[in-house]
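Notes for the one structure printed next.
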C-alpha cells in the first residue's frame, strides 16, 4: 500500500542551532557537565600561558628600567614603560647594521631560491632528460648528511673563494637548497599534466610553460618555500658564527645578539629590547602567513 | 522498528517492519544518508524520535543501539587484517575469544572470505573490500542493518553481481535492513518497500512495483523508471483531457490544466487507420539497445519536464516551440527512420494525471 | 650541425639548462664538502694553516681514548634519550587537545605554534633570563609553590634538564603541527565505524587513531633523533658546554676543536672531521634502523 505524503514544494532548511559548526553530530552517552565550559580549556589555557610566557616576559622586561631588572622578586609590570630601551639598544650596539645585513642576506637567499629551485624542480618533475634520475637521487642523498660534516670543508671552500668575513659567505652557499628543490618537485608533480601538454601542442617552449602556466598555479607552494626559507635564514646562527670571524660589520642579527649578551652582561632590559626587535619580522611574518608555515611543516609530515 | 526522525530539512515518518528490507532512495542531497545516520546515532535528531524495537534511542550512543552499518567507502581499519577487522566489534564487547573465532569463521565462509583472512584491506580488490565491510556488519548479528550506498564504488558488472548476493543474504538471514541509494534501479530490484525522498521530504513509500505503477507525485514519476516518464501538459474539460490536438479518454480530472504522464512503454505504435487518440511523434534519435529500441522524438503539445533536481522546481523550462519531447519504447525489430513520423497510442490504463500546481497525482 | 641544433632545442638541453645553476651550487657547497670531509678525517689538518698530513685512521682511534669525546658522546646520548620521547609524547597529547572546535581554539593553536619561529639565540636569551638564578621569573614562581631556587643552567646536575625543557618549548609547535595534520587525516568514517562497532573513546583512540598516526610518529622519531644528535646552537650560546662540561655535546666539541682550538697552532680540523663522520655513521645507522622497524610496524593507508 503506498501512501502519499507531503506537498510538492519543500520548506526551507531549518538549521539546528545547538550544533557548533564542525562539531561531530555523533550521539554520545549523556554526561553530566560539571563545568560551564569544555573541560579541555583547563589544559589548553595553562598550556598557552606556558608557551607564551617567555615571549611576554621578554616584552615586559624590555620595558623595565635597569634597576628594575636587578630586583628580586621580579618586577612584573613597569611603572612607566621604558620605550627608550629600544632606541638605547640600537645606539649601544650595531643593531642597525645587524638588521640590515640579515635582511639583505635573507631576501637575497629567498629570491634566489625561488628562482633556482623552481627551475630545477620543474626540470626534475616534468622534463625528460638524460641523467635526470641519477642527479635527483644524488641531490636527495645530500639531504641525509648532517651539517657538522660539511661544516669544516665548506668553510675551507668559502675561504678559498675569499668570501670569509663577508656577506657573500652567507649568501653564496645557500643560493639553492635541496629541500626547496625536493619540495617543489613533489608539488609540481601533483599539477595536472594535461595543461602543460596542451601548451606544448600549442608550441610553447619549456620556459614559457613554466612561467606562464606552472608558476601561476604554484603560488601557494612557492609562498610556503619562501616563508620557510626566510625563517631558516633569518634564524641561522651556526653558519654566520663559523664564517664571519673578525668583521663585525658583517654580523647578522643572531650573531650580534649573541655578542650583545656577552658584551653587556647585565643590561637585560636592553638585551630584551634587542631580542624583541630581532624577533619582530619573524613574528609578523608568522601572523600574516601562518597558513603557509603550517602547511610547509605539515606536508613534510604527510610525505612520510 | 519505528523511526520517526526529523531530517535536517523536514518531516519524515517511517515505520519499518521486522525483517523488512527498506530502501531510501532519492537524488543527491535529498537527506537519505542523513536519515540513515540519524538511525545509526551519527547525527543528532532535533525533532522527533527514533525507536528500535520498542526502545526510544535518541539519546543512546551508536554502540548501544544494536545496529551495524556498511559505509559507502567501507571504512575498513587499514592497519588490521581482515580477520581483525571482522572481529573488532565483538572483541570490543568482551565476547570470549572462541565465540569471536566461531562467528568470524562462519561469516567469512558465508561471504567467501576465508582465503583472505590474513590480508590487509590495502591488498584487497574493491569487491573483496565490500564483502569484508558486509562481513563486519553481519558478524555482529544486530537488530538492524544499515547500508549507505554500499555498491556505488563498484564497477557496473560487480554491482549487478553484488545486488543478487545481497538479496540472497537477506533472504537467508532476514534482519531488518535499511538501505540507502541514489540509483533507482537498485532500489526497485532490491527493496521490499522503497521510500522516495526529495529535499528531506518523503515523497512516497510502498512496494517498488506500486511506486512505479502509481507514483504519488510528479517527482516520483520522473525519478523512478528509466528512461523517465513522459510528461505533457493538457487541458481537462468536463472530465475529458486534451493534450495538444489529441483527445484522451479519461474522466475524473478537475477542469483546468493538468499534467499527463505516460511511461515510454505505455505508447504502442499504430497504423494510419487506428481510431482513438494518436500522437504523431516526429522521430529525432533512435537508440537500439539490443533488447529494445528507444525512440526520442517530439509531439505537438506543450512540454512539461519533471524536475528531478531540487533547485528547478516542479516545472522546468517549458518548451517554446510548442512541441514536447517524448520517449517511446519499442520492440527491437522496430527501427523508425530519423525524421519520420511515428504514430503511437497510449495503452489502456497507462495514463497518469497530476495536478500542475502541487504535482500530486490525481486518482482515478 | 642539424643534430646539434636539434639537441639545443630538445628536452635534454632544456633540462640541463634548468638544473645547472642549482646543481653547480649544490655540488660545490654540498657534495664536495661531503667527500672532502671524509678525506680530512684521515688527515692532520689546520684550518688556517695549509698543513695537510696523511695520518690514516689515527684520528678515529684517537676518539676512543679521548675523554672529552667520550663525555660529549655521553651527553649527546643523554640529551637525545631525554628529548625525543618526551617531546613526541607531549606533542601527541597537545595535538589531540588542539584537534577540536571549542572557543579560542585558534588562539591556543597560535600560542603553541609561535615558538617555532623564534631563533635558537632568541630562545636562549629568553630562557637565560627566565631561568636566571637570582632574578629569573622561574625561581620566583616556583618559590611560590614551595620549590627551592634552582640553578638551572648554572647547576651541573640541572643544566641538561634545563636544556631539554628549553628545546622542547622550541620544538613542540613543529611536532604538534605534524601530529595535528595526521590526526585530521584520519578518515572520520573510521571513527564512526568504531563507534558503531562498540569501541569506547579510549579504545578508539588507541586501536584506530594511533595506528593511523604511524607514519607521522616514525617521521617525528627520525627527525627528532637526528636533530637531537646534532644539537649545537643552544649549547654554544647558553651553557657553553658547561657547567663542568656536563652539556658539551658532540657537534659542540667538533666546533671547539676545529674553530676554536684548530684556529690556533693546533691542527685539529682532521680530528674534528673524524668525530663528525662517526656521528654521521651513528645517525645513518639509527635512521635506517628506525625506518626498518617502522616498516614492520607501520601500516600505510591503501
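For reference, chains read A, B and C in written order, and residue numbers begin at 1 within each chain.
The rule is simple: contacts are C-beta pairs under 8 Å (C-beta built on N, C-alpha and C of every residue); 3 or more make two chains touch, one makes a residue touch a chain.
This one's a predicted model, so the numbers in the text were calculated from it and none came from an experiment.
Engineer: If every chain is a node and every touching pair an edge, decide which shape results: line, ring, star, complete or other.
Structural biologist: The chain contacts form a complete graph, every chain touching every other.
Engineer: Grab the C-alpha centre of each chain and report whichever is closest to the global C-alpha centre.
Structural biologist: A
Engineer: If you tally the C-beta contacts for B-C and for A-C, which one comes out higher?
Structural biologist: Output for the comparison: A-C.
Engineer: Centre to centre, by mean C-alpha position, how many angstrom separate subunit A and subunit B?
Structural biologist: Whole-Å distance between the two chain centres: 53.
Engineer: At what distance in angstrom does the C-alpha mean of subunit C lie from that of subunit B?
Structural biologist: Whole-Å distance between the two chain centres: 58.
Engineer: Centroid from C-alpha atoms only, then distance subunit A to subunit C, rounded to Å. What do you get?
Structural biologist: The answer is 16 Å.
Engineer: So which bits of subunit A are touching at least two other chains?
Structural biologist: As it turns out, subunit A has residues touching two or more other chains at 26.
Engineer: Where in subunit C do residues touch two or more other chains at once?
Structural biologist: 192, 195, 300
Engineer: Counting only residues that touch at least 2 other chains, which ones in subunit B make the list?
Structural biologist: 41-42, 61-62
Engineer: Can you list the subunit A residues touching subunit B in their complex?
Structural biologist: Touch list, subunit A to subunit B: 1-11, 13-16, 18-19, 25-30.
Engineer: Would you tell me which residues of subunit B are touching subunit A in their complex?
Structural biologist: Answer in residue numbers: 8-11, 13, 37, 41-44, 46, 58-62, 64, 198-207, 210-211, 214, 216-219, 310, 313-314, 358-361.
Engineer: Given the complex with subunit C, which residues does subunit A contribute to the contact?
Structural biologist: Per the touch definition, subunit A meets subunit C at residues 20-24, 26, 37-38, 40-41, 43-45, 47-48, 50-55, 57-58, 61, 69-74, 116-117, 119-120, 122-124, 127-130, 132, 135, 138-139, 142, 144-157, 172-176, 178, 181, 205-207, 231, 234-238, 241-242, 254, 257-258, 261, 268, 271-272, 275, 278-279, 282-283, 285-286, 290, 293-294, 297-298, 300-302, 304.
Engineer: Can you list the residues on subunit B that touch subunit C in the complex?
Structural biologist: Per the touch definition, subunit B meets subunit C at residues 40-42, 61-63, 67-69, 71, 73, 75-79, 88-89, 92-93, 120-123, 136, 140.
Engineer: Sort out for me which residues of subunit C touch subunit B in the complex.
Structural biologist: Residues 187, 189-190, 192-200, 203, 207-208, 211-212, 214, 299-302 of subunit C touch subunit B in their complex.
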